[in-house]
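Structures for review follow.
Shared between the two complexes below is subunit A, which has subunit B as its partner in the first and subunit C in the second.
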Partner chain A sequence: MNEKISESIVRVDAHTKIGGQTKYVGDMKFDGMLYAKTVRSLHPRAKILSIDIPDIPDGYFIVDKNDVPGKNRVKILIYDQPFFAEGAVNYIGEPILLVVGPDRDIISQIISQIDIEYEPLPAVLTIEDALLENSPRIYGQDNCFVSHEYIKGEPDDAFANADKIIDGEYRTGYQEQLYIEPQGVIGIYENHRMTIYGSMQCPYYAHRAIAEGLGWSEDKVRVIQTTTGGAFGGKEEYPSLLSGQVAFASLKTKKPVKLVFDRDEDIQTTTKRHPSVIHHRTALDSNGTIIAADIDIKFDAGAYAGLSDVVLQRGMFCASGVYNIPNLRVRGRAVATNTVPNGAFRGFGAPQAFFAMDMQIEKIARIIGINSLDFRLKHALKKGDRTCTDGLLRHDVKIPEMMSRIEELSDIRDKIKKFKSQTGRIRKGIGLSMFYHGCGFTGNGEEIIHGTATLRKYPDSKVEILTSNVEMGQGALTAMRKIVAKSLEIPIEDVIYENPDTSRVPDSGPTVASRTTVIVGGLLKSAADELKQRWNEPGEIEVSKTYHHPKYIEWNQETMHGDAYPTYSWGINVVEVEVDTLTYEITPKKVWAIFDVGVPIDERMMRGQIEGGIVQGLGYGSIEVMENIGGKIQQGTITDYTIPTAKDVPEIVSEMLDNPYEYGPFGAKCSGELTLIGAAPALAAAVENALEIEINKIPVRPEELLEKMEL
Partner chain B sequence: MVNSYRPKYLNEALKIRGEKNVIPLAGGTDLMVRFRNISGAIPKFDKPVLFIGHLDELKNIEIENNFVKIGSSTTLTSLLDSENIPSILKSAISNMAAPTIRNIGTIGGNICNASPAGDTLPPLYILDAKIVLSSIDNQRIIPIDKFIIGPGRNDLKDDELLTKILIPNKKFNKEFYKKLGTRKAMALSKISFAGLAEIEDDKIEDIRIAFGAVAPKIVRSRTIEQEIIGHNINEINELSYSIVKEYSEFICPIDDQRSSSIYRKQISIKLLDYFLNNLDNI
Partner chain C sequence: MSDEIRFKLNGETVSYSGNMVRRLLDVLRDDFGLLGIKEGCGEGECGACSVLLNSRNVPSCITLIGAVDGSEIYTIEGIRNTEQFAVLSESFAEAGAVQCGFCTPGMIIASLSLLEQNPSPTREQIQDALSGNLCRCSGMNMIIEAIQIAANKGGVKW
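Right after this comes the complex of A and B.
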């Protein structure tokens, strides 16, 4: 491999996946294997008064809270979510028990005869309800799982001296990951050991959760990731809950137990993107320059804390967008409601924050009568500037170059003017968004987990990658092999990379936060560089590397000051739409996108990320409607929760800018989540341009456009 | 345990239908969803299934006595491929689901499902389609709007099968079809609108209008159509206010997971208004 790292190769998993040969957890069978099905709460908040179980045939089992030998709490950030409900339920769909047995028809019949008596309690169903003074307390004193605040500069002074203050409130809805393969795990108890096979992003998260639930030492547990048919964050923390459940079931039945979700069940009961309400208050001086901002972020966390604390923090660290705002106050709250718990989803708090900031920028530009492109450029961050948390931007920020290229490609500057004051049935509109993604874990996360990755050279000169990072469709199996093969100058066929098995691989951290290539790939690169030096040593050689942040990083978690991320990837998106004023249907016509991801490890895989991310972002901004009424998801089936199909996808023109990161493998930065962030705000801005209205909520629905335009 | 029957011929199917309490299944694209069970378990059909989707006798498209006769198990794809199917019905079908589902879903199934959002229904209503209902020793032919009696409810008797759809072979020189779904494919209708007209020398010789998904059944009013017929298209602008008002009484949509009643009502009216006022340039 003498060519540039970015030159595309055929993905190592392409043929078996496209050819239908790949086995997923749903395809796996073990001798004597039983099936499990979950019985769930029908109430958003209630006491369980009694559970009436019918006589069940031999070989069938009920598995519930009484079958949890260790702690009946899922290890995530705090211990608040039970594996099985304990006398009370806190959201519709909360797991109460499993029915386990050999025949799924009989399981289905048993479930239909189980009678659970509830005493409903007053529930809290929305962010607004949760924060009312007299609402029921469902978590702590204030119904907030966490509240954070950070301050940069002197926001109070700046607001006092402002020439103009502009307010805006922005709302974003749920988004469901809708990975193709639903959640699934298999638990196998054998010889006082527990093995879990599962579709997941973070084998070690599940590993520790199972050990605590069983009350066993970690060395008696083994977790093997099965080929994962999409995840998007939805298989970050959630599989820990299911892994525990099948472990308890297998321990009780002494047989392998498989739990695979139905699609409706998956949509209705698993974690989603947090709905948000974000308030912006922006202070301008007499030159129309932003001198301060006060930003209040509220995320609907659902019934349990999950990962909401860190999702919120990432949202807060994107609050002021790509703009240099010298004085800043950012407040964030993760609010408890009696709804399905929300969790990780590609972007992890950033899409909500960037949408709000981008819409506020458009609003300010409109009010003060300045071209929004110029207004954005005037405030754009550059190398040497301070980030929102007062960190230093040490690396080149190529916003001006990216901006001039996307203007050239999309002709947005002229089109914005041309599309004003249109008449006629079809109106065109064009909009832009600018955004970044902080690479790797937020704050001191990478310094807490200190991920380790290992390379092992066998005597036949094959080299195995040993990490806990998984392929979930994003291309990790190929990218990591490329990094190692290229560093060692060996054929890619000589690099082995199996799905992680916690009995064989070190903990290199979870497959999340766009960290796999930049952080773990970086470890593999330095392991490979060392292995190359030692290549001729006899026998098996093993090289391990453990991650430490570059020395320049300064971060104070207490005050949330300093470098929240080691570096950033950047993007600008432009979306052009047509709006039919007869029906208010929005049709995205074309998307232009420029990204700075350092150096892409594989250009075609990067285009896959770009196009997939943009389509997922367009869906988030327009047609992916999910409402929770009375604690119940209204679009709870794949029929009603509509993600874009091929017919909804416009032409996408994308380019990548070279901007190597010295600590990333071959200069790579992060790329997986970045690509989702910009499409929704750019689409919303395009609708603003087309109809000359203000959009402050996504998804942008025809129903709401009709209301704004005609009612 | 549920039995199923897969007869070789229509006669045999009608015999089974007459003797047993069975549920006919043509393509199964609605029934397999309606009776779905937990993953890995057999669908929860409450009656034996009678498969009819494979019967050649139900898959013909013929022209006879000024009617297009369509066998009830004709797939949606076959209808799209046929030269004899009225173009407004093809417009509706080409907006249904996706090619894979259209390859197996049938016109008879879409009619019997009797959903207010069934996409073949508004065109069939305004094409004055008739339904042939056969039993082993009887046959009756009724208009489609008499066959569908409510949401999910039809007039199929226990011993009958819907065997044919008859569409009068009449041409129209104006047609307008619009489906609004939550996306551009694989979407159920929030609203659908179908309009046909025959205009000669600016005079409205015939006009037919139907709305889907905005009431318990497809909305079509022959009374209002008669009021429009005979007018010059230049008079429509003046008339449209009262026409819209009359239709409004029949358009009583609901709020659901796909859309709002306000949107459905307003956009239905806008589509009607658009059709009426663009008869000269559609």
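Right after this comes the complex of A and C.
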């Protein structure tokens, strides 16, 4: 391993996956294993008056709230949604009980005979409804799980002195992760201990939730991650609920219990990206410079709090985009509605915020009559500037270089002009988005978790990586091995890295927030550096490292002031589209993308993140339509909720620019989520360019374009 | 419908008797232990359960076992030792076409089915052939490239 770290290698898991030999949770069987299926609420908000269970055959079981020995609440940030409903339901699809047994057809027959009597209660179904003064109170005094505000500079004074004030309101829709492997877990009770196998991102989240639900000490619970067939945030907090449910089922039946979702069930009842309403108010001086902004962010959290507080915070810390706005007020609310709870999804609040900011920038540039590319560059953050939360940008911000390169590649400057005032049926458009992603947990998250990673050298000179971070497609098994092998100057084949088992690995934190490479990879790098010094010590050697932020970090969680992240990765995307003015179908024709992720650990795997993230972002901006009407997801099947297929993907030209981060392994920063953020706003800007209209909502839907064009 | 059907599975003649309206996917996974076939949607939309049915790429989740009497079926397990698979496997690895892996066996089946019919497909032909196989990780371009690499490798008869 003498070449540069970024030089691509074949992923360590490629061949077993290609050959179909890799086992996922759905492929696992245990002696006497039973299956479980969930009975769910049909009402958005109701009391459960009675549950009538038919006579069930021997060997079949009902598992419900009465079978939860500990606390019947899933521990996420707070004690949250019940594992099984307790006399009331708060969204359509809320789990009430499991039917468990050996034959799935008989389970379905039993379920069809269960009769639940409800007393419907008035429900709150949208953000707007929830915030009306006379709407039913479904959470606290104001139907908000959390409300936050932070202020930078003197926004009131700046607005008072403004030459021009521009308002804009932006909306974003749901997005479903649609990992191809549905949610699945297996619970096994044996000898007063509980073992859970599951497709998940965060074995220790599940571990804590199960222990609380069982009312047991954590050492009696063991969680083993199974190779995860895609996650994108959808397997961050959600598997904790399922893990608890199968644990209770196995405790009751004394047999292994498997719960694997159907696709429809997965689409309709698991967490999604938060729909949002974001209001921008921007103050300009007489030179057309932004002097202040007031940004109000509302996320639809759904019926339970889940991770919405931190999703909202990340959104708030991206509110003003990559632009240097000296005076700022940002307010955020996570609003309770009687709809399926929303949660983690690649980008974690950032895609909504960047879409709104980018569209507002385009709007301002249009109104004051300046080229939006120049307007963006004029306001772009640079090293030494203050972030939206008044943190200091200590590292190089290479926006000017990235911008000139993407202009050269895409010819956007000339095309924007050329595509104005087209008249034919098919119209071309081009648009750009600039964005960042804060690396690792938001605010003081990393300082709360204090992740630990361990390396163990065996006498045969093999070295094992012990962390709780998982492979879910992103390439962690390969990237982490590369970091360790290169640091120790040993062949990658000598580095062992198994799927995490909480009985063997320390808690290095969850596989989220684009933190695995930069944070945990950084710990492994420093453990490897120490191990290298001690290489010739006899016997087994173990080196553990625990994360602490770089000393320069200053963060006040109360006031939300300071360095919200230790560093940032950056991106610029350009999307070119064609819009058919008969059908208003949007076809992305080509995408150009430049990213600064520090130093990529593997260029080809990084390209995999770029391609996958951009296509997911294009879907978010256009074809991935999901609506909730009356509390019910309208696109509840994979036939109705469409994601981009091979026929939908355009050519994507991507480049990376080295900008090493001194605390990241080999200079690496974060990369996994960053790649999704820019495609949707760039696509929306391209549609604005093609049709000379204003877009303020994603997904951009043909029927809504038609309406706008007919106005 | 007769009580027993016979079909060729991965080169060997096998028989099946029992419920003829079971899904081919369940019979192959549960009765024959062929776990390389994955269930991603159960609606014939995602292609994770793709098998070669008389050389065509077919979702086994919407194919009933009763309908395969006399057919020839290959799953990923049955093609693993072929030289065509070796070329595809190398190409997928080289192109970075594999991430979470859940769609991958189905993609290999779809690729093989395409290349058997058309050893030098255009990008558009590849896009058409893969349109019934979803991948949420890769964005598809790197899978399309893998097939182009395989087609260009030569030295193997598709």
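In this section, the second predicted complex is superposed on the first by the 710 of 711 C-alpha atoms of A that agree within 3 Å, B and C clash if a C-alpha of one lies under 4 Å from a C-alpha of the other, contacts with A are read in each partner's own complex, and residues count from 1 in each chain.
What we mean here is this: a contact is a pair of C-beta atoms (placed from the backbone, for glycine too) under 8 Å apart; a residue touches a chain by one contact, two chains touch by 3 or more.
Because the structure is predicted, anything quoted here is derived from the model rather than measured.
Undergrad: Is A:D262 touching the first partner subunit B, the second partner subunit C, both, or neither of them?
TA: So A:D262 meets both subunit B and subunit C here.
Undergrad: Please indicate which partner A:I368 is in contact with in the superposed arrangement: first for subunit B, second for subunit C, both, or neither.
TA: Once the two structures are laid over each other on A, A:I368 reaches no partner at all.
Undergrad: Once the structures are superposed on A, label A:S108 by its partner contacts, choosing first (subunit B), second (subunit C), both or neither.
TA: A:S108 contacts subunit B only, not subunit C.
Undergrad: Quick one: classify A:P644 as touching subunit B (first), subunit C (second), both or neither.
TA: In the superposed model, A:P644 contacts both subunit B and subunit C.
Undergrad: Is it subunit B or subunit C that touches the larger share of residues in subunit A?
TA: C
Undergrad: Answer with first, second, both or neither: which of subunit B and subunit C does A:V10 touch in the superposed model?
TA: Second partner only, subunit C.
Undergrad: Between subunit B and subunit C, whom does A:Q634 touch in the aligned arrangement: first, second, both, or neither?
TA: first
Undergrad: Figure out whether A:L409 sits in contact with subunit B (first) or subunit C (second), or with both, or with neither.
TA: Neither partner.
Undergrad: Quick one: classify A:E710 as touching subunit B (first), subunit C (second), both or neither.
TA: Touch status of A:E710: first partner only.
Undergrad: Residue by residue on subunit A, keep only those touching subunit B in one complex and subunit C in the other, then list them.
TA: Residues 262, 639, 643-647, which sit in both footprints.
Undergrad: Using the touch definition up top, name the residues of subunit B that touch subunit A in the complex.
TA: 33, 37-42, 44, 98, 178, 180, 182-188, 257-260, 262-263, 266-267, 270-271, 274
Undergrad: For subunit A, which residues are in contact with subunit C within the complex?
TA: Within the complex, subunit A touches subunit C at residues 8, 10-11, 13-24, 26-27, 177-182, 227-232, 262-263, 472-475, 604-605, 607-608, 611-616, 637-639, 643-647, 649, 651-652.
Undergrad: Subunit A touches which residues of subunit C in the complex?
TA: My answer: residues 35-43, 45-46, 48, 75-77, 80, 85, 88-89, 92-94, 96, 98-105, 108, 126-144.
Undergrad: What does subunit A use to touch subunit B in their complex?
TA: So the residues of subunit A in touch with subunit B come to 35, 37, 104-105, 107-108, 111, 260-262, 582-585, 587, 623, 625, 627, 634-635, 639-640, 642-648, 702-703, 706-707, 710-711.
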